[in-house]
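Heads up, the next two complexes both have chain A, just with different partners, chain B and then chain C.
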Partner chain A sequence: MTAIKTREEQKDWYLSQFRLFESSLNGDAGQAIHSLRTAAIERFSELGFPTSKSEEWKYTNLASIVSTPFRLALGKADVPAGTLDGIPFPRLVFVNGTFSREYSSTTAGNESLTMASLPEAAKFHPELIRDFLGRYADVRTQAFSALNTAFLYDGAFILVRRGAVIEEPVQLVFISTDREEQCIAFPRVLIIAEENSQVKIVERFKGTGGNTYFNNIVGETILGPNAVVDHYRIQQESENAYHVSHSHVHQDRGSVYSSTAFLWGAALSRHEVRAVLNGEGGECRARSLYLGKNRQHSDIHTVLEHAAPRCQSHQLVKTMVDDEAHGVFSGRIVVHPDAQKTNAIQTNNNLLLSESAAVDTKPQLEIFADDVRCTHGATIGKIDEEGLFYLRSRGIDEQQARNVLTYAFASEVLESVAIDDVRREMDERLHRQFRF
Partner chain B sequence: MLEVRNLHAGIEGTEILKGINLSVKAGEVHAIMGPNGSGKSTLSQILAGRKTYTVTEGEILYEGENLLNMSPEERAHRGIFLAFQYPVEIPGVSNMYFLKMALNSIRKAQGMEELDAMDFLTLVKDKISLVNMDEALLRRPVNAGFSGGEKKRNEIFQMAILEPRLAILDETDSGLDIDALRIVAEGVNTLRSEDNAIILVTHYQRLLNYIVPDYVHVLMNGAIVKSGGRELALELEEKGYDWLKEEAQPAPAV
Partner chain C sequence: MDRERYPQPAPNKGNKKHQSGIESFMTDESKTIEEITSQEYQYGFTTDIETESIPKGLDEDVVRLISSKKDEPEWLTEWRLKAFRRWREMKEPTWANVRYEPIDYQEIIYYSAPKLDKDRPKSLDDVDPKLLETYEKLGIPLKEREILAGVAVDAVFDSVSVATTFKEKLSELGIIFCSFSEAVHNHPDLVRKYLGSVVPYSDNFFAALNSAVFSDGSFVFIPKGVRCPMELSTYFRINAAQTGQFERTLIIAEEGAYVSYLEGCTAPMRDENQLHAAVVELIALDDAEIKYSTVQNWYPGDEEGRGGIYNFVTKRGKCLGRNSKISWTQVETGSAITWKYPSCILLGDNSVGEFYSVALTTNYQQADTGTKMIHIGKNTKSLIISKGISAGHAQNSYRGAVKIMQGASGARNFSQCDSLLIGDECGAHTFPYIEVKNNDSQVEHEATTSKIG
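Presenting the complex of A and B:
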């Protein structure tokens, strides 16, 4: 198949992939998921991929994703040695979208924590799968979520039982190996943290080769009353990869959801967090760090909905772009009429490291309540001349001084990382990047 | 050591320094005094290599070489140190790490072996007592959240570690209480030697009670209008700067 040109071709292509996929399942995976899928492919056919006319995709040109006839990645693939080094248990590992029992540790039916693949979880907790899978992912308006749902089969399932406090971080690893060109995978994550439970989750995306592939990811995270979920994403896709991730979060009263994303890889990536604060006193924190090089494009998009009173949201997005890289941040805060005493803070700092690098930043506040505090601020700047002079006057050469200041800019996101190993790993990654 | 000859410099077309002449020899301490806006900080920053200012005329020789051709780091490698009036905060980078990087950059440039972590720590412990600085500040990010006094002490501490040949202190005394001032002065006096020179840029003469200068220069409206010994500072303390104003008129051509 050559490049996809029209919307009609787009639809036909994914419909053909869908039929191929359905036949590969041999009626497996249950009726409930089947009807979710069928509805989703229909919806995708109607929506098509978003264009830059859509306000939510204004600064991201999806032409390369839209025109490529991506194929489903079927069959087993080998994981290059060393790929999983340093990633501790408990963990669930997926290779090209498919669960790998070999590399994973699962717990099912455990009193406090269940971690399993989605098909496995469907056996132990059919009622939870039925009630929650696909419930908060917005298939109606989000084409990528619809497409992911159309191909929904495998994925990660995390269930933290009422009152349980899970000390060890749960690791989710999505590996994309070097295989045929132009493969597509649809990783899916469902996290349910019941009332008063606590869990830390580290979600990793690792590419091991140089081929073009596309990961279209959907996550759903449901927090019961007073639950605490600390969610990290480390995106280290291959340099020619496309990565579009939609994370749909639903929060009950008093719950605290933190999302911290480190976006290192991919030629084009979209990191989207859509959270609904649906109960009184909830708190949502969303932090991201993006470091773009070469011709990388990264789009960070948040939609935080305050739907109940006395909720807080804090956003910190830091973008550093070098070479001809492009960074986008658009953050929407919606405050519903009855969400009084809302406190929403959004900060976006951008650092331009070269003349050809660019950023677009767009805050969007939609406030329908009157007793709220919403602040947003965006800065776009270059390396501070004053700081540069200070370091150089101490004998540090110009390049290294620039590196130190770039590191310093990024370090604010590191400070909030609550898992020591992750903070150290990201810190080393930054030091390596900036060679000091 | 340092020869400043007829230095004219400014920023965006505005001339700030209007013909400075200054000669500093090894072993000497020079105080440069003057009212706000006289060009004191501009001179300090130009000596350290700040490119914000454009030199339009004149020259600066440092140990016989053209200083204006050197980058800020090269000047540091050759022993020039500026204690900043407003030290810069660098979040995320510990004071210790920063200093080790600075010292080793200088040592490397001077053809000396870089210090390893152990030797560096020994050096740090030795010097930190000199400025009576809390050791906890070593692990904190550079100047981030430091009080004004802590920042100034940190500058003197850096100076003690880097052991410059020519130290320029840009209003290090401003905003310091008397105890901190004494500590800073002790730090400077310890550095004082036959081989080194110090330029103290200050607004008040109080610091000069603790660091006795060999020469005092009064900088007004971009030019040195009067030079003398220590007694000149005392005279300024008593009379202020106004009586020198007539002398600040364009100097007759030499």
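Presenting the complex of A and C:
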């Protein structure tokens, strides 16, 4: 098929892919989960992909995603040697959206930690899958979440039992291999951290070639009372890939959720975190670092909802755009009427490294409670001239001085990384870019 | 005409509680804020003067009728008609954070003028004493108070200008300060050149409506090199029942000129909501400066949220020349709903835009207000300081945009938006949009929302 032009064609295309998907399910279509899928595809055909008229997508042009007739990623694919080097166990590996037992280690039925693919998890914990899969993903208003749910089959399931403290970080790896066809995959992640449990998760997206593909990801993370989840995302998709990720987080009282994202790859990416602080004394931290080059476009989107009193949220979003890259940030803090004593802080710093780079930012506060302290600050600018002068006056050449200052700008996000290996890896990545 | 009279409410009725114990500075201060936010509207009276109105509703004939009543030249009638046709195709904007019952635009009377039309007053002595009384109540220095007040008043009563003072003194300097209608007749070239040059009739729904039916307004022209020696000031007052008020203001400051303009508003109490859709256009040429200040005190509705003015206003200034400056200052305390974004297009190199705003909403008032700073010229600077106070069941939103276009090297913006909430049933919101396409520019935005103390 050639390019998709109309909304009608768009709908027909995904309906045809859905029928193809349904027929590949071999009898699984009778399960309860399938009604979730059919409702979602219906909703998607009503919604269609968002347009730039939608306030939520104002600065991101989805034309390239919308017009491409992506095919379902089916069949086995080989993973090039070395792709998984340096990624320790325990880990779950997915190749083009499908779980790979070969590269993974699973623990099902373990007392403290369960790591499994979703179909596997459905056998061991049918009640949890029934109760939580699709519960917080907003299918009603988010077209991408609806599309992902329609094609929901594989994905990662992580369950941390009550009181368990998991020391080793859990690794989730989503590999997209180099293929001829333009494929779409629907990775799905369900994380349940029960009361008083603690876990660190590293989620990686890796493209092995330079091909065009589309990863439409939905994550759901549920934190029980006082649970602590430290969640890292390292996005290294191929330079021609599209990556749209919606992460829905639901927090009970006293829980702490940290999201840290490093966005390096993809031609067009959307990193969206929607967290609801639903119990007293919860805390949510969301940090992102985006480095855009060439004609990359990255859209970082957060919605933090304070629905209970005495919660805290901290956001730090740093964007550096070079060449003709475009950075978008939209961050919304919503404080519900009874969420008194809320403390919400949001900081967004943007650095423009070239004449043709652009940044659009939209920090928003919606406050319905009076006893709160909410702030947001946004800056957009170039490298500090005074800092540059200082370094140059000490004999450092201009390019090197610029690199030092750019690195310094970015490294603030690194400081908070609690996993040494991840911090070192990201630090090296930055150094490669800004040699000094 | 509707002759119903509304009693003037006693100020601060039974609201003062005796406070015992230590009264600190803080409690004093918060008491003051409490008093202000719980105060009833003090300017609710209706003046009995005969008003000439046309039937309610809007179509091309009404637009033509308005134009012919004002004896307008053909080009202006055509301009109104183009605006009307455009308006008919437009949809009322829904993006603002305000809720209201849909407006029936066919239920509005689009023209009303004091009936003394044929016999326009030559001096203040000729003005209807009732009208003067109204100004008296409003505390406007309309009589022989030139020196005392130092203010020239171009008073717009409902839709037609009835008195202009200081005209002679100003005209000695070549300054034109008159009603819009007069300007259309006496200075058609200037009006034709600049009308719609900042806010085109197709700009938005309410601006298009205003362009089709505008009744009157003010016109200011400050010639090259002249510094206007006094604050120019206009007081607007919506009066006749069921009458929309559609002013149009046009201020032009030529090279090196300076003017400070003060606009104040009050409206009588009435139960139905009234629509007010004004357009203000400012043009500053090289080295010119325009200071535009507003005290917006339209009737906000009663404690239950009944009645009140819908204030949907388009205000925009164009810094056309190099080193020009436009500064907006607004104090927004009135209206049931405010939809207003005084903006600056910073076209000339080194031009400066400023926006200072205090918006206070109480009871069921809703305000969605802010500014747009569009940096096009090099080394353009803008400053935004906005303070929002929300009490009772009110919703107060700051909505602003800062755009740095690709050619705007050396551009600089700083924005500070603070909100205060009083009580747990109101809301305060901040929606800034920042778009930067030039890497030799600097933009900073800060916002906080907190409670007192």
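In this text, the second predicted complex is superposed on the first by the 434 of 436 C-alpha atoms of A that agree within 3 Å, B and C clash if a C-alpha of one lies under 4 Å from a C-alpha of the other, contacts with A are read in each partner's own complex, and residues count from 1 in each chain.
Convention: a contact is a pair of C-beta atoms (placed from the backbone, for glycine too) under 8 Å apart; a residue touches a chain by one contact, two chains touch by 3 or more.
As the structure is a computational prediction, the values presented were derived from the model and not from experiment.
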**OP:** Answer with clash or fit: chain B and chain C placed together on chain A by superposition.
**Re:** fit
**OP:** Could you tell me if A:Leu405 is touching chain B, chain C, both of them or neither one (first, second, both, neither)?
**Re:** first
Original post:
More residues of chain A are touched by which partner: chain B or chain C?
Top reply: C
Original post:
With the two structures laid over each other on chain A, which partner does A:Pro337 touch: chain B (first), chain C (second), both, or neither?
Top reply: second
**OP:** Go through the superposed model and pick first if A:Pro88 touches only chain B, second if only chain C, both, or neither.
**Re:** neither
Original post:
Under the superposition described above, what is the C-alpha centre angle at chain A formed with chain B and chain C, rounded in steps of 10 degrees?
Top reply: 70
Original post:
Counting only touches as set out at the top, which of chain B and chain C does A:Gly210 meet: first, second, both, neither?
Top reply: neither
Original post:
chain B to chain C: minimum CA distance in the overlay, Å?
Top reply: 13
Original post:
Where on chain A do the contacts with chain B and the contacts with chain C coincide?
Top reply: none
Subject >> Of chain A, residues touching chain C in the complex >> reply: 55, 59, 337-338, 340, 350, 352-355, 357-382
Subject >> Touch list for chain B against partner chain A, complex >> reply: 45, 48-52, 71-73, 75-77, 81-82, 84, 87-88, 90-93, 98, 101-103, 105-106, 109, 141, 158, 162
Subject >> Complex contacts: residues of chain A adjacent to chain B >> reply: 384-387, 389-398, 400-401, 404-405, 407-408, 410-412, 414-415, 436
**OP:** Please name which positions on chain C make contact with chain A in the complex.
**Re:** 95, 404, 406, 419, 421-451
